[in-house]
């Protein structure tokens, strides 16, 4: 069963906005309020809105990958982000920074904490979508 | 400026109380949800005014997130109702 | 503010406990939500409360200007919020499934696994 | 940098995450299940070796020096516990190959096992009280999920109690951690040793200790906080029950040992007296609960409770010998109790029931199973020369040396009643002839059990039984290990020095 | 020596396999081990002559002072010889008795383990390893008594024996640990030399009670004697072994062994002397009453055990000599008699003596052997039993303080045992041949070898009393007494009081034998005493145990989660709140309140919202109100400098609402299920707990924190952590491990939810 | 100057929110309550956000403030629509002085089918 | 719409490249992105309408803000005065366009305009049902609403 036309349109419009916003919150999290968790929640809310407006099948389609895979990848990314330091002979989770100086544009801070935050983001999105989609599908059956 | 902020806070606090009254009184679930939405909005307002009051712009971020996602609760509740949840609440 | 918050936290604990002691499993879940809020606020309160000094460093600075609210309790609470959210999600679906299987909202009717 | 400390946490984490990534392939999950727990076993033994030979191992996560970041610390107690967890994890993983349904594997049995182990090992190795809370949650939520995998009514009902009461315990832990930070401004255990001692209001420190006591008391299923355990432990698949039975309550016990030797030894006369009472009642109520049961897993579940009492008794008496006894008892118990559940599982797969009134005839049919049952069962009851005897002996000797006659009497009587329950299982399931009314189902189950599965089940059971024999007959090295661990517990300064170094 | 003790265990492990391999000859071959052991122990006799003792030490668990050290002296050697010697015949006998039995392989396995454990008990010098073997005899004898395990009665009897002996064993353990504490050593060889220290130990009486509790249960002293007759449920060779040389004798052994250390006090004398005498009487009284041949013998064993205990208690030189002579006599005739009883049972198919008669022509060897052994039992010349009995009368007559009681009871017992012996020897074999379930003929050689040899020994020792003295009794007496004694054993020692008492006993006993049918009639009128016997006590205790267990489970594990919660919460309040009250009194530091009006409004709204939630009738209304509380909490976070927290709180609140509405619509409405009383009770618990939390917070706020670790984190955040949002730097760097755990929690919860929902969906489909 | 504007905007915004709150309490039925919140509330919130943006006099902040306004204005009607539709669907009663209801007879609550009444007329 | 997202992507690319994850960075990025889009797609008719839309949007926004202010006063009056003067009711508004965007925007705009509240759209998208506070002058109300619809269609064409 689909929601109202108005909600569907709103969802289609708000989805990219919310996703963009979530990415924004993810990337600025190290310096300003935000971070992987908040960003992941916002992304999850975006897909939940889409789910409410449309249905589980379309939401899955939109998501592209099974949320369980996102969940696993997120956990893997977050865990793995702590590993490179071990190869360098330092403790687990020692941050490594690769400031990349792009000529003309300034510095881009790639780092293991960023990878970690991305893992958090993927996990949160994957986990919440796993739950929400499963619940919704169970209801439809 | 100080008294302006104070006055603003007074009005917002009053609004908070009034919205709470509706939330408690209901009588229907949609009535409560309306009150909840209003509460979310007042929270946005509080954050903004407080940011002004303490001169810390970061609190606007709170308002920003809430402004963008606060409506989801209402959407959720309405879905509950339309999917046949108990109506006389 | 902290003494007032102590009372708020106490009230939250009391109401959440009261909810958890009801026989309805739905009330149990709502009690759990309040419970985690209570615990988080407790940490927040005893960690010390400061107005208008978020633990953020302004651009170009190396330390927060004019003092800071303790960031560590905040980080702890964040972790705790997320954890209790995960657990709550589980609990919510659990009562849902328990209701489906047992067809009772009454906790007193769920006694078969004890003796 | 000591990677050995982090490996027992990392390996199951990575195994769990990989297992989740390959959620589609059951065979990959099985392989990761065996390899992951196997690697954990190797890593944990290595850690124990390093800890035994080189002293306390410390790793500051992210190179953030203690007390500011999180440290992983392996003292002997922690390392021993980690090895035990790994042994059990490996045994259960092998056992799972034969007994866990395709459905349950498809829905996460193996990743949940890995992550449960990660949580357990993390809890054993962390040197940070908030981090401990996180690990406890990890293992708790894994156990939640394992508990409901299958979705039967009993599982749901049991899970509601399990989840609610354990959540309450976690909240209490969180509250206690928060209050501790509020009092001291630190979370690092080694740092807390000094900071707690510096708190002027020592009475308040005792109050916080009580909060920790209640929280860990729930986790360890001590009296009067144990209700969740008998209500739920008999509901999931037996491999899971075994893992729970061996490990979960031990996290609570471990935490009690850690906190009440390292942090809260300022008012032993008060705190440990309470622990002693708790220990006594835990033993009695648990064993009486078991005496009233006729279902194998229920009997075993109640016995977990009563055995916890012995471990707490070791802590509560707080003499060097008593602590040795506590550690020894934990080592023995984890192996034995899990093995009893595993044997119970074989009984189930041969008979189709756990109900003693419906089963019988196993001693006639499968004498080797009878022996494999008797080893852990008699060990649990404290029959010499099996492992349980020496655990009880040390603790009781410590009690007698302290002239704590009451608790010694309780410990002895409870040993007798434990034997009563074990013999009940023996007499009913093994000695009694298979009741006619249920003979048909029993025969069907026996016939339906493939030899390969049976062999897979018996491998871990036999290995654990051999370990039980070893801990008993070869008690000297085990005793030495336990006494070295107890010596570290007796001297918090060793721990503090290892973690904080010269900055202290 | 280690090999000698442990070889039984090794053979136990191989016995099942060997039995299958050897088939019919198994009994004869397997008996080679005990025979070899017997010879080995014989070789030690010279070393122990004159009371010498040797300690053989092997380290086991030195850290716990538990070692495999063995003490070889006259006493231990006497027992070791009995165990291995009689064991040889028992093994041979078993092969015949259980010929073709499907469990014979297992039987041998357990039997050898039992034998080895017994050897361990009597040879151990270390009291803990002694205890280890002691308990092993309990367990292995359990398996032997319950050998016919598909018979409910056998299981019940086995459990009874186990329960009683293990109960005693546990007390013994405590007693032994105390003993070691008192004497400063776990080695008997040292403890027995410090008897004065032990007897002066302040807790001597308690220690003694614990140890005697162990030995009394094991050796079936009144009031724990009831398990022994029930142990006849075991196959006859087991009974024969248990009653003659092993198990029950373990208790006797230990008392005898400890005599130099603990004996000689009033407590020792009265406890052992009186309990022993009463046991002696009870055993013979019950033996006379029995019609089951095995029961008769079992009760006569109790008589013997009582006698031995009494003699050890009396503790005089004469008593100790009597005790060891009696012990040897009893072992010889009792093993023979039991094996004969098994022969009767085996051949006739009945155990009831009333159903047998006239077998002497069919079973002549059995008949003659029975007569010889029974003469020894009755204590008639020229058998060794006579010598022992005379010594016993001699000892009781000169017992300190309790001579009258012991002598009277000894005489009465002797009368009854005389009758029993006559019954056993004559009743089945004389008179008319009776119809029996099986067609009887003479027992096979394997079943006769033991009785014949042992009965013959009784005769030989009786006639040549110097043989045992020269061999072993002398050094055994030395071990029990603590120093060597000179004595000789004769059949004839003139007309003295013991002889007259014996005469009295024989004559009266024969009269009782003649009028046994009338005696039985009297006994039948006395059956009411069964209702007061200790066995009823045991049954009551077991029933009470089950009742208490079930009651406790009903009360504690009642299935009502509410009760569990209340218990836990009140425990928390009692422990934490109570401790607070004890240490800090009822003064709570309430700091100065610095608050703005809008903060007050928000605080009030949170409280009001929480209260409304708990009173609200509408589920979704409650959810909405919880949402409001969440916003209130978020505002608190905003007002007190935690923007990240506020955002997270809001997002989580929103998602919680989404989750709840996805789930709740299937659930029923709130029901008002609780009574008003329950509500008031719950409200009180809630208030207590909430109030405690408030108080704790206030108390903690009062504690001044100087430099929290977070100060350093703030300083590091930008320079070292490369981030300006300190909270986030903590989350992803300083405390990344927390966060890692946290996301695993969320992931796990999702997996759990998914499994819960999808597995159900698949159930529906299938 | 800026401070004055900020003050006015703050007071106005707060006042509008207060009006919305009063409306939500005072209005007689669900729909009428929603008239109050969705308009006054959103505008009030918007004004406050603008005030915030102006106060900090920083483009960065201003952008965020405007984003708040946009978000509020964009999402408020969606929320209102969702609630109103659901409220109507489950039959929350109207104020007794409501004049007419052209929707009621066209709605089939069983399958949520809402007819326009123009089905037989072709679209222009 | 597609172009709008593209534009935002460009803005995002900008902020990532500059490393300036802030509002102003985003705004600058959006502006630059817009200019780029306008330049690159100036030949294509479809896309030209996007780049031209910006000024149109600004105009409409101003109009709408005025509408909101106007109607707010009315609601405020209703809320604050002790007596209720309302004459509420639900009316159906026939629609000219069947485009999702038009209908939704219209419905939302109507909701944001005081006095009116969109309830639902008929399944065939030809009728929008509106709850109005004042239907005493129903014709005037319908006229205003149709006027709004015309402006929306114009904006989105």
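By letter and in written order, the chains are A, B, C, D, E, F and G; residue numbering begins at 1 in each of them.
Everything below uses one rule, namely that contacts are C-beta pairs under 8 Å (C-beta built on N, C-alpha and C of every residue); 3 or more make two chains touch, one makes a residue touch a chain.
Chain-to-protein mapping (UniProt): A = Multicomponent Na+:H+ antiporter subunit B; B = Multicomponent Na+:H+ antiporter subunit F; C = Multicomponent Na+:H+ antiporter subunit C; D = Multicomponent Na+:H+ antiporter subunit D; E = Multicomponent Na+:H+ antiporter subunit A; F = Multicomponent Na+:H+ antiporter subunit G; G = Multicomponent Na+:H+ antiporter subunit E.
Computed from a predicted structure; not experimentally measured.
Undergrad: Touching both chain D and chain G: give me those chains, sorted by label.
TA: A
Undergrad: Could you see whether A-B or B-F has the larger number of C-beta contact pairs?
TA: Answer by contact count: B-F.
Undergrad: Centre of all protein Cα atoms: which chain's centre is nearest to it?
TA: Here the chain at the core of the arrangement is D.
Undergrad: Let me check something: if the centre of a chain is the mean of its CA atoms, which chain is farthest from chain G?
TA: E
Undergrad: So, comparing C-alpha centroids, which chain is the farthest one from chain F?
TA: Checked the centroid distances; the maximum from chain F is E.
Undergrad: Using mean C-alpha positions as chain centres, tell me how far chain E is from chain G in Å, no decimals.
TA: 86
Undergrad: CA centre of chain B versus CA centre of chain G: separation in Å?
TA: 23
Undergrad: Could you give the separation in Å between the centres of chain B and chain E, each centre being the mean of its C-alpha atoms?
TA: Here the centre of chain E sits 69 Å away from the centre of chain B.
Undergrad: Rounded to a whole Å, what is the gap between the Cα centroids of chain A and chain F?
TA: Each chain reduced to its C-alpha mean, chain A and chain F end up 30 Å apart.
Undergrad: If you look at chain B, which of its residues touch at least two other chains?
TA: Within chain B, residues 12, 16, 29, 33, 35, 50, 55, 58-59, 61-62, 65, 68-70, 72, 75-77, 79-80, 82-83 contact more than one other chain.
Undergrad: Counting only residues that touch at least two other chains, what does the list for chain A look like?
TA: In chain A, residues 1, 4, 6-7, 10, 31-34, 37-38, 42, 45, 48, 68, 71-72, 75, 79, 82, 92-93, 95, 109, 127, 131, 135, 139 touch at least two other chains, as defined above.
Undergrad: Taking each residue of chain D in turn, which ones touch at least two of the other chains?
TA: Where chain D meets two or more other chains at a single residue, that happens at 13, 16, 20, 61-62, 130, 134, 137, 141, 144-145, 148, 151, 160-161, 164, 168, 175, 179, 181-183, 187, 227, 230-231, 289, 292-293.
Undergrad: Between which chains does touch occur?
TA: A-B, A-C, A-D, A-E, A-F, A-G, B-C, B-E, B-F, C-D, C-E, D-E, F-G
Undergrad: Across the complex, what residues on chain C touch chain A?
TA: Residue positions touching the partner: 54, 56, 59, 78, 82, 86, 89, 93.
Undergrad: Name, in rising order, each residue of chain B that touches chain A in their complex.
TA: Counting only chain B, the residues touching chain A are 58, 61-62, 65, 68-69, 72, 75-76, 79, 82-83.
Undergrad: For chain A, which residues count as touching chain B in their complex?
TA: Chain A residues touching chain B: 1, 3, 7, 17-18, 21, 25, 32-34, 38, 42, 45, 48-49, 52, 139.
Undergrad: Would you tell me which residues of chain D are touching chain E in their complex?
TA: 13, 16, 20, 61-62, 64, 67-70, 72, 103, 107-108, 111-112, 115, 118-119, 122, 126, 130-131, 134-135, 137-138, 141-142, 144-145, 148-151, 160-161, 164-165, 168, 172, 175, 179, 181-188, 191, 199-204, 206-208, 210-211, 213-214, 217-218, 224-225, 227-228, 230-231, 270, 274, 285, 288-293, 363-364, 367, 378, 383-385, 389-390, 393-394, 396-397, 400-401, 408, 412-413, 415-417, 419-420, 423, 427, 430-433, 475-476, 479-480, 483
Undergrad: Enumerate the contact residues on chain A facing chain F in the complex.
TA: 1, 4, 6-7, 10, 14
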